């Protein structure tokens, strides 16, 4: 069993806290360094953080002295997870990569970079090969891998079986996003109790692009984006965890029946199931038959928050299919997705 | 100024209560009869109703003795509003129409009937002419007029200016619907606090059909349905009042710019503005420019709950346009819409 | 009819916005100046404010250029309302008073000051006389009047009839407070959706003291605090407007029956009813008989948000009585209360 | 390790579902019979139930054929858990006891019965002896044991250390109760979103009596109720799970310092810790120091939902102490509490 020391950048933020909770008893990874802003540096983590998770602050993390996010302080880690805010992630992640420290990032900054994999292990594990093309260091020791935005994760997961079976032509999606997606303090309660806010700053451009990279084809060390088009509307709803997407999709080849579309999901093979990664769900995509399912409050936690739910799959009147899909936005759509990426990269020996 | 005595069928239900509140100080209409089920009949209204409105139960209604919904008991009214449940509305409304009592109904039963107008005064006021084709009575004294479902109201309102300017080819809509739409007690709090339920029984078929009738063309006493197609997903969100719709629309003629699309809304002429109907909003369609608007909690009450809000109008990547629209589901989308219908029919002298 | 020009300090904050909305069509007061921090100064109000009220930003206010809160800029006003944050209210309000500009303040800073009335017009209108004792200016032209904290308003209102009839010995109160009490952005949605937070910083000391001053006796220009004791627990609940208090009260003289306690409320005489103040509710205290009433969402808006609701009045097992009381925290408990104070002071000719 | 076959009465209700979830992998108890009303009898459980738990319906329960709640159908069980509604629990539980089947009940019907223990294992385990006094059967094989109401559980748990150290004179409590306490569908979303309802039918009498029995003294086979008095106000708030209580308590002997009161909690000895019961929390009472803790959404699940949280312990101004306490209402306060009772009774060999 591999064993690695990891650092967490942005450790006091909402994503950083989720990394710490999810890694508490991780069989492969041990947290040895926590990085945050200058304001927190030098404090014990328990004193630097406003802990918002439901479970106790893990004791191992509580006593770690927080460091600034400078590569020199992270020389003893095998790699870092980045939960940094995008306002600082660009520079800091580059510095770590250039210092030879691999970065498994949840930030958006490098997601669309030519040489950076935008990785969802069950969807495009082969994109990891792009790591070898990165030029942050001469010896290839430093590199960056990213996971998609919290909406693009269930979108690309749910589109994958359809893409494989029928090809995707276009997608229209309305994402009903929970407040945890905005971090802490994030969304004001005055804005969202008993309300819906029909806009989330900067969200729709990410949703409209990332899935076409994830579902793209890697050939000759270049990702050929999938050529479907996405039209997205992102709204905030008063849920805590779990983004629910209402999706209409036009396919290249119309399924001959709704049963064929269902089979695309139920017969889809998880390409990484043989790797037995610790955070990999037994069933990455769950197709619900009950019309009232899936629901964020009931199902976002399933399989440790790592399962993507699909429901209400039905023939469309304008596009071929309609369905809803949901994933836990701060686990599968953020920290948990990054951890699964790291596990894949260990199994594939990109991380040693 | 006209003066009419009106009855309300289904007076103890959520829609019935809204009729009573909205008619409290109505300049034209006076409530003289309240109808409900046998269980309530014979009681004073105040003792029969579980009042859920925020304002006081109007004194005039409180003391009325509730009658069963039998035409004989309603001989002194000029017409009735029906807030009946669809399980009983079919028979009862027919009995009233056959007894020569006009029925202004919010129920779904006759909405798609060939001879029954599905009326939104600002959209298709000419459809009222269908009344003359109805054969419930020999002398034409009894008839039925309906208003659309609470989602179809803002959908058809917001599509009208676009239809007039560009023609509609197809529509994809996700409606995020408030709990008041399910009546009382309606949605269990255990189902909806901090949650979204991705299905509302029976809702999508109504949304997918009604707007094509509302936006149809009346010729030779037959409504030629508009030939666009709608694909709908209806979900329940934890809002109290106001259904918010995320809409993508493909037009027959693509606007040359987003400004042209905006002009379709801002330059649209309300065809009934000269009638000065008491419940008619000054501005039936409000186009919001702020991206975070409209919001159910903030804007559903605007213009007495009778205004349809449109926001986030923007070019689409898959279809021509994207926008959100919202209306107060129990006022504009139900009782208030029915009252406006009655006002139109008084002004046009269908009701005398 | 009197006419006064007023300024508003802290105009861009949540309380300031409420002042602007409530004064939109006020028969006596016209907003002529808006004060805020240096960051907003020089901008038109519409550009300086993040407007959170449900109604439109009033046009008259929208175009006013915001000034810094310096008395020199407010020479043409007859008095100012202060919605300032307590971190700056102490100095700024003093500067205004010393410059001869009366201050009707919602801030906490001077509430417990010996010479400053803590005024609830229906409870202690005579305390206004303290104004004459203030020494901010030699000629008495500048002074400060305050209203109590948003919990102390319904608490002192509901205790007043009991104090008059039976005398108060001690009070135990749990206040379930809405998120609007924390301003904007205020309470994080992550903290409060589907949750209760059992502490509100700095709230309980105010609740435990203010009512004893409000219910005190003014004699020889000194307020003799009422000598009952209050034990308070302040918690945050996911309501928007309206603080609901659960109260247990021990009286000096136990009522001989629960009917006698009810009579204390129903027969209580509003001492300012003859003044016909514009913001004065017809019925300042409403005693509800239905056990499920009052409720924040249903009843906080009654009488323009100026009514105090009392319900569930019943004999206690440990103390004499138990009851719940509620008032709209940002209207009756803040801006509306301050406006009523100003109206009283105009009627009493403290403001000329 | 003991092994017992158990039946569940009221298996399709909210409490019944919780029994089934909590017993899924129980080391001692295996569900062999499920009882419900005639309407469900004969169906497979999965077809009879509207499953509302977040986790999957356990497969073992899904296929069990539901029986009517008649003792003849439950001859092969060692005892039954009752999650019956109080409207039917009285008769049915008596029939089971008379048929020689022990009943571990969550219903209120027998809680205050002279011979029935109202059992909280950590508080009054010795009350189990009352079982021997019951006369449902000649041979003592059939009997009833109950757990307190969901508010009385954290109330009696939190009062126990104080009673032991200082004696209790009187208690004033406001309980802010989550919607799951009303079962399913229970509270209408229209009543509770963004709202508080200041009354819960039938709740306060239970809260005002049960804790005095739980904290009573068993002598000569009679429970001498503790002689303190409780004044309760029960309100509904929009939380899902966890009842939060605001408590003021007057003690027989005032602690000399708040530290002494804290010590009463931290030094309290759990009398059943040596029994190592499967559902027994490591730390039955957790005293939180952070003022903003405990919170229902964050902490109700701690220790499998079996821990009682105490926070904000402080000196009072009217009574000796103030504090808040919370427990998971449907686990610790209902099904989980009943399971712990059964475990105690197995360990004590009342169940064989």
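Think of it as A, B, C and D in the order they're written, each chain with its own count starting at 1.
What we mean here is this: a contact is a pair of C-beta atoms (placed from the backbone, for glycine too) under 8 Å apart; a residue touches a chain by one contact, two chains touch by 3 or more.
These numbers come from a predicted model, not from an experiment.
Looking at subunit C and subunit D, the chains in contact with each of them are A, B. More C-beta pairs touch across one of A-C and B-C than the other; that pair is A-C.
The pair from A-D, A-B or B-D that reproduces the interface of C-D, where over half of the contact pairs by residue number are the same, turns out to be A-B.
Each chain's centre was taken as the mean of its CA atoms, and the one lying most distant from subunit D is B. If you average the Cα atoms of subunit A and of subunit C, the two centres end up 48 Å apart.
Averaging C-alpha coordinates per chain places the centre of subunit A 42 Å away from that of subunit B. As a whole-number value, the distance joining the C-alpha centres of subunit B and subunit C reads 40 Å. Counting partners per residue, subunit A has 191, 193-194, 238-240, 297-298 as the residues that reach two or more other chains.
Contact residues on subunit A toward subunit D in their complex (touch as defined above): 54, 193-194, 240, 297-299, 301.
Looking at the complex, you find that subunit D touches subunit C at residues 170-172, 174, 176, 191, 193-199, 201, 208, 229-231, 233, 235, 237-240, 244, 246, 248, 250, 291-298, 311-312, 316-319, 322, 324. For subunit D in complex with subunit B, the touching residues are 52, 179-180, 184-194, 238-240.
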